Structure formats: C-alpha cells, structure tokens
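Each structure below is given as structure tokens.
Common to both upcoming complexes is subunit A, partnered first by subunit B, then by subunit C.
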Partner chain A sequence: MKHWGFTFEKLKIASFDFTCCEGCQLQLANRESTLIDFLELLDIRNFRELSSEQHNDYDIALIEGSISRQDEVERLQAIRRQAKTLVAFGSCACFGGVNSLKNKFPLKELVAEVYPGMQIETMPVRKISDVVKVDLSIPGCPVNKEEVERIMVNLATGSLVTLPKHPVCFECKAQLNTCLFELGEICLGPITRGGCNAVCTTGKTPCLGCRGPSEEINMPAFVELVKARELSLDDLQEKIAFYNAFEGFSNHEA
Partner chain B sequence: MIYKVIAKSEFKRFTDALLRDNTSFGPRQVDTDSQGKAVYQFLPVTSSDDVAFDYTATASSAKHFFLPFREELSRFVFQDQEWDQQISYEGKPIVLIGLRACDISALNILDDVLLKGHFPSPYYLAKRKNTFVIGMDHLPLPDCFCKSMSHHTISTGFNLFCSDIGEDYYLSINSSKAFNFLKEFNTRDPLDDDNCRLVERRKIISDSFLSEVDVTALPSILDIEFDSPVWEKWGNKCLNCGTCAMVCPTCYCYSVEESFDTNLKGATRQKQLYSCNLVDFAEVAGGHNFRPKNGDRLKYRYYHQHRGFAENANQQICVGCNRCGRACLAGINPKDVINDLRMEKESCLTNISSSPDRI
Partner chain C sequence: MHLKDSAIMKRDYSLDIRHLTRVEGHANISITVKDGKLLDARWAIVETPRFFEVMVKGMSTERVPFLTSRICGICSISHALASIRALERGMKIEPPVVAEKTRLLAMHGETLQSHALHLFFLVAPDFTGASSVLPLITSHPDLIKAGLRIKELGNEISTVSAGRCTHPVSLVVGGLSKAPEKQQLLQLRTMIQESKPALDTACSFFRTLKIPEFKRETEFISLCNGSSYPSIGGSIISTDGVKQDENEYLLMTNEYSRDFSTSKFTRLSRESSVAGALARFNNNYDRLHPKAKEVAASFDLQAVCHNPFMNNIAQLIECVHILEDAGEMIDSLLEMELRDIKTPYSPKAGSATGAVEAPRGILYHHLETSDEGKVVRADCIIPTTQNNANILYDLGAIAEQALQEGKNDKEIEKLCEMVVRSYDPCISCSVH
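Showing the complex of A and B:
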C-alpha cells in the first residue's frame, strides 16, 4: 500500500480462540461498509473464521478467550514465541470475562453439573496476562469493530494506539440518555472505560463493565453513591463480578 | 422591543405554523424517574402538541445544537504526493422553542466566547446565525439558582419571549422576523391589566427561588481559597465522569482527534466536547498530566465557571441552571461547593484576625 509518499506494510495477522464464544472474532467480519478496506489492511496468516489457509509467520496475534485448560496454556505459549505483538482481544482475554463466574464454584461440582459422568480436564479460568505477556488489550464483550478498525489502522500506519480514558457516562450523556440511576437501577457506567458509545445504556440496559475499569476510577465514591441511593449492594457485587474486570479494586465496603 | 399579548389558543396556532415549516426543537418528556418526576430533553418537534409547554427544565442543555458532541472539522484527501483539505461550515436555520431565561443567557455567553474573541469560530457561527429562539418563563425548581447569578430574567438573545399571564402570553418581541410572522395572528397591545399581570408574574417568579448562592466577591474568594482543603473534600467524591460539563449550557471545551480512513485514502479531523473533570483533560504529549488529582480538576471547573477566564473577560460563565448539580451522581453541586468555600474563608478570617493582646 502506498499513499502520500508513505508505504504501509500489510499487517501479518493471526487470530486464535481459546475459552470463549467466538463472538469477538465474529466482529471482525462485521461492519460491511468498510469490511473490504479493513481486510485490505491485513495479510491474514491464520484465522479459521475468515480463511482456510494456515501459516505460522504472523507478527500480530489476536487472542480471543480466557485460559481454562493445560493444552491452552501450551498453545498460548507457542503463539507468544512467534508473535511480535500479542493482543488480548475481548473481555474474556482481557479480564477472564463471563467464564470467570466458574471460579466461584468447586471444579468437581461444575464438571458433574455440565458434563455428568465424563472425565473432563479443567482449571480455574485465567485472563491472558496471567499466563503470558500481553502487548495490547482491546476490551469489550464483544469488541467494538469500529475501535478494532481504528487500532488496526494505527498499527498499520505506525500511529499511537490508545483507548479512551473517560468512563461510559461521558458518552451516555452525549446520547441524551436518562441516567439509569434516576430510574432506580445500578449502572457501572461511572467506573467503566468508554469507547462503546454507551450502547447498553442507550438501550436502557445498565452497563455491566465489559470494557473494564476506566482510568483512575473512584471506587469508594462509586460504592458511596450506590449506598446513598439505598440500592442493593448484592446487585452491585453481582454486576462488578460479571466480567471479572474490576479485580484489584477494593470494593469490600460494598 | 415591542410588546403584545396573545391568547394561549392563538399562540398554539402560531407555533403549529412555525414548527410545521421549520426544523424545530423543543422540550419533550422522555422518561419518568423513580421519584415519579418527568424527565425532559430538547428534541425535534413538528407541532405544538409535541411541545411540553408546562415542562420544568431539560436534563441536558440546548448547546449541542451549536456545539455538537462530536463534529468533523475537516476532511483530508490524499492523492499521490498531494493532499487536499476540505472544510465546510454547515448549519441550517432552526427554531428553538421553550428555552428558559438562563438557557438564553447561556447562548449569549457562548456567543461572547466563541464569536466575539480574537478567533471567532466559523463552525459555531454557521450553526448559530439562523436560530429563531422562543423563550418561555417558568417557576423555578427548588434547586435553580439563576437568580443568584442574575440570569433569571433576560432582555437579549431571543426573537420572542413569552411570559405566562394566565389565559394569555405576554410577548416580548425582539426581532422583525418574529414581529412580521406574528402579524398573521391575532395579538393585541397590552392593556393596563396585562401589564399588572406581567408585573405580578415576575414577582411570583422572583419570590419563588428557594436556592441562593452568595456570589458576592466570589472571584476573589476563589483566588484566596486556591489551596483550600474544600477542593480535596469534594474532589474525593468526584467520579471524573464529565457528566457535569456535558449537560452544562456554557461548558465549551473540546478535544481534537485526527484519524485515517480505513482505506488510508483520506483522514478526518474531529472535535469532541470534553470536560476539565476528565482524567486526561490536562495530559500532554509524553504523558505528563498537569492536573493529576480529582480535586484539582474539580477546582478548575469551578474556576472557569465562577471566576472566569481572560477569554471571556473574567466573567462568570455559570448561569445557575444547576443541571450539573442535578446530573452529578456524586452529589457535587455549585451551591454546596461554593457555600463550603465561603464557610472556609469565614472560619479563616475568625482564626487569623485574632485581636491583639491587651496591654
């Protein structure tokens, strides 16, 4: 690709799924209006949802899903050895995601419940950065294709790759939404990273924090406002735990 | 200014005609909150039935019609070694109906900042220049403090202002456009009785304010209290969410972002309304943040709103609508913050100026 005197190399990219629903990978094939231009940026070396060819000479590896089996650990480590840029792609990869709910129960009970009578090897769910070094995180359940496109363009052109630092509320206000707290619900918008265009709250569904904590969140103040409104602290706990994205932010007062 | 009186039923006919033929926005109910109170926003309206004439105040202000939350400033098209910049200043005439006095004051303030400075904004001007504003008076909400800011009455910045005097509206007509358009409708010159009713209405409004913020000498108090612990106290509550600036009728800050099109054949420069409460508002290239603390960021918002910046002649830009206070989930609002500062200053006066010892 040559434009305005610059030559841009196509991104040698591969995409791999681990414990997940593959919804984030599917997003890559979404947004038809720019799909052809988007694919034009990429030299797809390995991506079973888009191409049957498989090569192992990729630079960028998109890792979708969390890690819940020993063979996944080994596969991931092999990818790490090859990839120059390893991307945690989607909330499962970035935080553990919905899968992490499993970690609240004894493994034996879970296997007996889901695969009765079978011998299944399973481990507590881990996010990608618990297993290998992650170079870039693109959160979201699913990822926002527009954001993925922007990031790929930035990688291709050597521009700075950033995520928004403001919380979801900021984008929610630009949609003129009535705040869900005013409607008596708990919403994680004030502590969650923006960039999704407040898609859930615009549909009158509280934010569950799929994009993880925004920069420098104020958890004590957030818990305080839930208490001041006499909303259910159990509901708060449940929402905060949903994607396992707020690990490390003490909300023990809740 | 010309004054007329119009029956409410006739005013309805007038608005029907006006709204039918123009792109118009007015207050509409969008929700009922958990306390049973109606929530309003300025939204498209096409007939008088769409307009909630008896509304209280909108949750968000009317500024985004002139300062969109997101706006393309220019496009770039690349060709071989060349590039071409395309800029267009777009705006079409709009009618805004139902603005409150403070909302109109806020537009006047934005005009001062964005049109009367050294670098008038052509983007703002294009959207603002053909606006037809119909103001309507109302009884203040318990937390409105526009009277303290002297913005509860207004004499410029509208085409037409309606005071509710019972069966009729008392009209203040401020433009020939409005005057000519009204000619086609039944109005009459005010009688003594109408004038009495107007005076009475204004008195009732003025006497109905429950919230007062003492702003005398506020700019100097803000200077004196620059290092006050009050900022940390309130800053600790702040969620850095930017909600206050988004709903505020006079906050005009923005960030600019440039990005390539996905096909790399062009690029866009976009502006997004921003807020001094956001974590990265004062972050510069290389990552240094000039205002890393919540309290500092909150302080600057109060500084700008209540002390003013040089670019708006050191005038306060807050009009006292309390939208920020209502929307802030953390309960941060100008009345409490400013009262706290005052108390802080008074306690400091009693502490420092102890009488000299008697001999």
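Showing the complex of A and C:
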C-alpha cells in the first residue's frame, strides 16, 4: 500500500495485555483525529479488547503489563515463539511498573489481606524482559500515542526506531515552566528519559520517572542535588521506587 | 407442534467462552443446561490481582492518587478523585470551589470518553453483525466519525481539566496543582457546541437498533446528592429504598468472594444488584438535563427499567446530559478567577470514604492515614465488582429464556456475550 508518500506492507500486529490497567492499549484508540489514518497502517491480527476475530499469524506483538502468574509466563512464551518483533509496551512491561510496589510485601501477606481464607495464585512481579527476549521497548505510564504512531511508521517503512536520549528537563524547560526544584519539590525530570512532552511537570506535578532513566544519567550527582537543597531522601526514595524504573541505580543513594 | 415445543424445552446446552472478547480484561463465561433446566451459569473473572490495597500502605498521601489512578486505564480520573475525596474527608481538608468545579468537569470528560469507547467500539459491532469496529469504518463511516468526535471531546475535556486524559496530572489532594486555562476552556465550549450534531447522529443510529427484550428484576444502587445528577460524593441509595451515608459503604456492598473468580461479588437486599449508567438513571431521572430526558423519551426509557441491555441507552442519554452540563460548568468557570486552586494542608491521621460515580458505577475508596500522613489501611470496591453477581444471574436467566424461545446455539452465545458487554465490565479494575 501507499501511505504518507511511502510504499509498504501493512504491519501484521497483535496486542496482548498481562498484569496491568490496559491504559496503554487504550491509547491506541486515542488521538481520534489521526486514528483512521493510523489504523490504515495496521493489519490487526489479534487484539482481544478490540475484536472478536483472532488470528495467530502476527509479526509484531505489543505486550502491555508485567508478569505475575504462571499462566502469564506460558502465554507470553507462546507469543514470543510467533512474534518477529516483541514490543514491551508501557512502563509495566518495560520495568514492572507500579505493580512492582507489591514486591516489597511477602506474597502470603498480600493474599491474606486481600483474599482472606482463599487460595490465590500470585508471583513476584516481573518485567517482560525477565521472562522473554524483548526487541523494542516503548516506555510511559501511559505510553505517548504520538510516539507510538511515529514508531509504527518507522517500523512500517523500515526506518530506524529510536527513543529520545535527552531527559524530561529539556522538554520542561522548552515549555518555560518554573523548575519544581525551585518550588521545593523533588522532581525526577533531570534523570528521566524525555519524549512525554513533560506532561506532568507542565501540570505542576513532579516527574516520577515512568519513562525510565535517560542516557548516561549521573545518579550520585542527582542525589547530591537533593541533599544540597535539604529535601527529603525518603521522598526521593518513594519517587524513584514508584515505577521500578531505576533498578540498579536506586540502591546506592540515600 | 406440542412435541416440537417440548423438544426445545428439554434441550441440552452448554457454553464455554474463555477470555471473552471486546471487554476490558480477562473473564470466562460457562453455562450448562440439561433437559431444559439450568444447572450452572458462571461469570468467572480470571484477571491477575495486583494488590493495590496493600501496595498503597506506607505511601504518603500526596502520592496516593497517582498510584490508585493506575488501577484503571479507562476510569483513572475516577480512581484519583475517589482517593482524593477519601483523604480530604479523612484529614478535614476543604478544596476551593474552582477545584471542585474543575474536578466535576474532569469526571464528565472521562465518562464521555468511556461511554463513547463502549458504545461505538465494543457494542456497535454486536448490533451490526461485525466482529469489531474496524469494518464499520467503511460500512458506517458517519457513525464512526460521530463516535470518534464524541470520544475526542471527552478526552479533550479531561485533558483541559486534569492535565491528561489517562492517568491525570493536576488532580491533587487539597485541590488542583494547576488551573485550566481560560483560552482552553473557551475552545472547549466551542468544541462542545460543534459536537452536538455528532451526538444526534449517534442517537439516530441507536434508535434504529432492536434492543433485545429481557428483564430480570433487580436492585439498582447509585449516589444521590439531592441537587444534581450524581458525580462526586453524596448519599448511597437503592431502588429498593435503602439509603446510607457515604462512610457506611460496607452496609451497601457486603462484599464476598467466590472461588472461581479473582474479582469479588457484592449484594444488598437481593441476591444481586447493579451499579452504572442505568442505576444512576433509575435513581436520579429527575436530575437529568431536559434534553437528556427528551432523548430518554425517544427510546421509551423510563425509570425504573430492569432490562440490562438498556444500560447502553442510559449511557447514550448520559452523553447528552454531559454535553449540556459541561457547557454550563465551563461558563461558570469562565466567570471565576482561577487563582485559588489549592488548600494548603498538613497530613494527619484520619479515616473516611470517597465515593464517586465512575463511568461504570459507584466507586468506593476507603483510606485511613497515620499521624505522619501515610496510608495505613485501604479498601477499594469497584463498580464491576458490584455488577458481577447480577451478570452471573442474568447469564443463567437469559440462556433459559433464549432456549424457551427456541433460539439456536449461536444466537444464545451471542445474546450471552451481549448481555455481559451491556454492563461495560472493567475487569482488571475490578480485580485491582
């Protein structure tokens, strides 16, 4: 087909959800003004939430959510066997996401509190790459539909797929926002990957790092910045742990 | 003739659907009928639990709405506001008027978006014989354009009032972190006016549909505030005449578990009850905008209606109400100074319920905080949880009725799927 001046095959795509809120899949139906054009790009083979017609001959699999039960492991492995490109779609898939906050509690305590007296199967939350090989990660809570559109066009045209390397700070500054540090708030904008158009900080709420670390972050310097401003290290810890997106960076501060 | 009738009546029938399509989340349906008698009907939610009520323990109050909004990708604004309301009531914080009005507008946006997603993407294919919305883009282009327009408007209202439509940004404990901009509100007002023809198109389409005839008497529960159509807070009332204060939500829900479902069940005066658009309509018809009442009359919908399929129509009527009411809210915000948006507070110990009318029905968050303002106990009861028992009993009743009417296996399966979809279940949310 010919589309936006390029000639290419439609992407044979599928979308699956695991332990999550389905908010990232929902973004696929947002940006309504470009939706019909966006759908032209795709040959949707399997998407339970959208369609009763399900086929297993897809090339690209979008995976939303993290993994927290054995049947999910098996379902994910079967998808991996079929998909040429497996995409971790959203922060739960990329990092474990907010679901990972569960991991600081013993499994028995979780079940006893929420389902007293019942047998409920659950495992510690894992990100997708802990279970199968991931070919492409699109972070965000939720994903940014504009970025998803761009990546899909790149995949369809065989162009290079990249994520922004700069931190959220760049995008926030470009919008002439007052820095939240100046207002006495710890904000993860300096260490978080941009591409969200600084939507949270523009709404005057601190960045909690849903897009994970930007390239070559300097965590010790960031912790020093928080200390120099006499801000709470507990608050820093709560923010850094929110999406589990700074695994490997979060242990040596505070 | 008699022989044929009794052969139909004595039929064996079984249905086993694993991971029902065109609903949010993972759930199974199974029905067994032997010699015309219903042996078992199940609505089994198999979604993985995330344990939000434990995760939130130890978290600082200001962060809580950002976590609980992640319970649901479709009704994240409702979750954020249920938590905010619980915390503000518990810690005795009065949000400024501008914040209260802006929150109501955000709720309208979310409900409009959610209803549009349900009606056009998930329900319309059932009534047109399609497997998804995709073929309708070419077969019913005007309808789909209208649906997208309404959905876009819903998202735009949420974005202007809450900073982002999914997982809101500026709804915070104490008020708002940022006020909507007047320029954006003005644009929104124009967009609402321009979207009204799209809603007329949608209503005309739905009027041509044959809504299945089915009725099982039940109890409808919703919020009620005595002055406007319910949205944030109020008393909890039922069509069986029960009324309770918001903090007494446990008396209205009586939550229990079944071993085949990770989502719980509730009950009040009967074996099951219903929350959602039809419950709000049945309990609050008088508070609807006159234009919404006109549309209700055009569908012959009157309170109290016991046909679950009419929940779809109640959602459509709510869309009409929202377009009118949101316009009036914007007008009143435009007359105000949008400066005083947040009440300063110091976190402290407290305990209260925050109840809101999420798109699918009443959503309860009950939160208890410590002296340091950390959450020590949380309880969330989700609208779909309140509908699970009703869905389960409806499935059995509709299968029996369809068998008696001599419908074939495919027709019964479709009716069962459709009755579940009419509740617009939000499954991962209900497991949380």
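Observations, loosely collected:
The definition used in the following text is that the second predicted complex is superposed on the first by the 248 of 254 C-alpha atoms of A that agree within 3 Å, B and C clash if a C-alpha of one lies under 4 Å from a C-alpha of the other, contacts with A are read in each partner's own complex, and residues count from 1 in each chain.
We take it that a residue touches a chain if its C-beta (ideal position, glycine included) is under 8 Å from a C-beta of that chain, and two chains touch if they have at least 3 such contacts.
Because the structure is predicted, anything quoted here is derived from the model rather than measured.
With subunit A as the common reference, subunit B sits beside subunit C without any clash. Of the two partner chains placed by the overlay, only subunit B lies in contact with A:Asn218; subunit C stays clear of it.
With both structures placed on the common chain, the touch criterion links A:Val161 to neither subunit B nor subunit C.
By the touch criterion defined above, A:Gly184 reaches subunit B but does not reach subunit C. Once the two complexes are overlaid on the shared chain, A:Leu136 sits clear of subunit B and of subunit C alike.
In the superposed model, the angle subtended at the C-alpha centre of subunit A by the C-alpha centres of subunit B and subunit C comes to 110 degrees, rounded to the nearest 10. Of the two partners, subunit B and subunit C, it is C that touches more residues of subunit A. Looking at the shared chain after the overlay, A:Ile44 reaches subunit C, while subunit B stays out of its contact range. By the document's definition of touching, of the two partners only subunit B reaches A:Cys169; subunit C does not.
With chain A used as the common frame, subunit B approaches subunit C to a shortest CA-CA distance of 12 Å. Residues of subunit A touching subunit B in their complex: 1, 3-5, 8, 34, 37-38, 40-41, 149-150, 153-154, 156-157, 159, 165-167, 169-170, 173-174, 176, 178-179, 181-184, 189-191, 214-218, 220-222, 224-225, 228. Across the complex, subunit A meets subunit C through its residues 17-27, 29-30, 32-33, 35-36, 39, 44, 48-54, 68-69, 72, 97-99, 101-102, 105, 109-110, 113-115, 118-120, 122, 141-142, 199-200, 202-205, 208, 235, 238-239, 242. Within the complex formed with subunit A, the subunit C residues making contact are 19, 21-25, 48-51, 53-55, 57, 59-60, 63, 66-67, 70-74, 76, 117, 121, 125, 131-134, 137, 144, 148-149, 151-152, 155, 163-167, 169-170, 172, 177-178, 257, 259, 262, 428-429. Against subunit A, in their complex, subunit B makes its touches with residues 30-31, 33-34, 39, 41, 43, 59-60, 64, 69-70, 78-83, 236-243, 246-247, 259-265, 273, 275, 278-280, 294, 327, 329-331.
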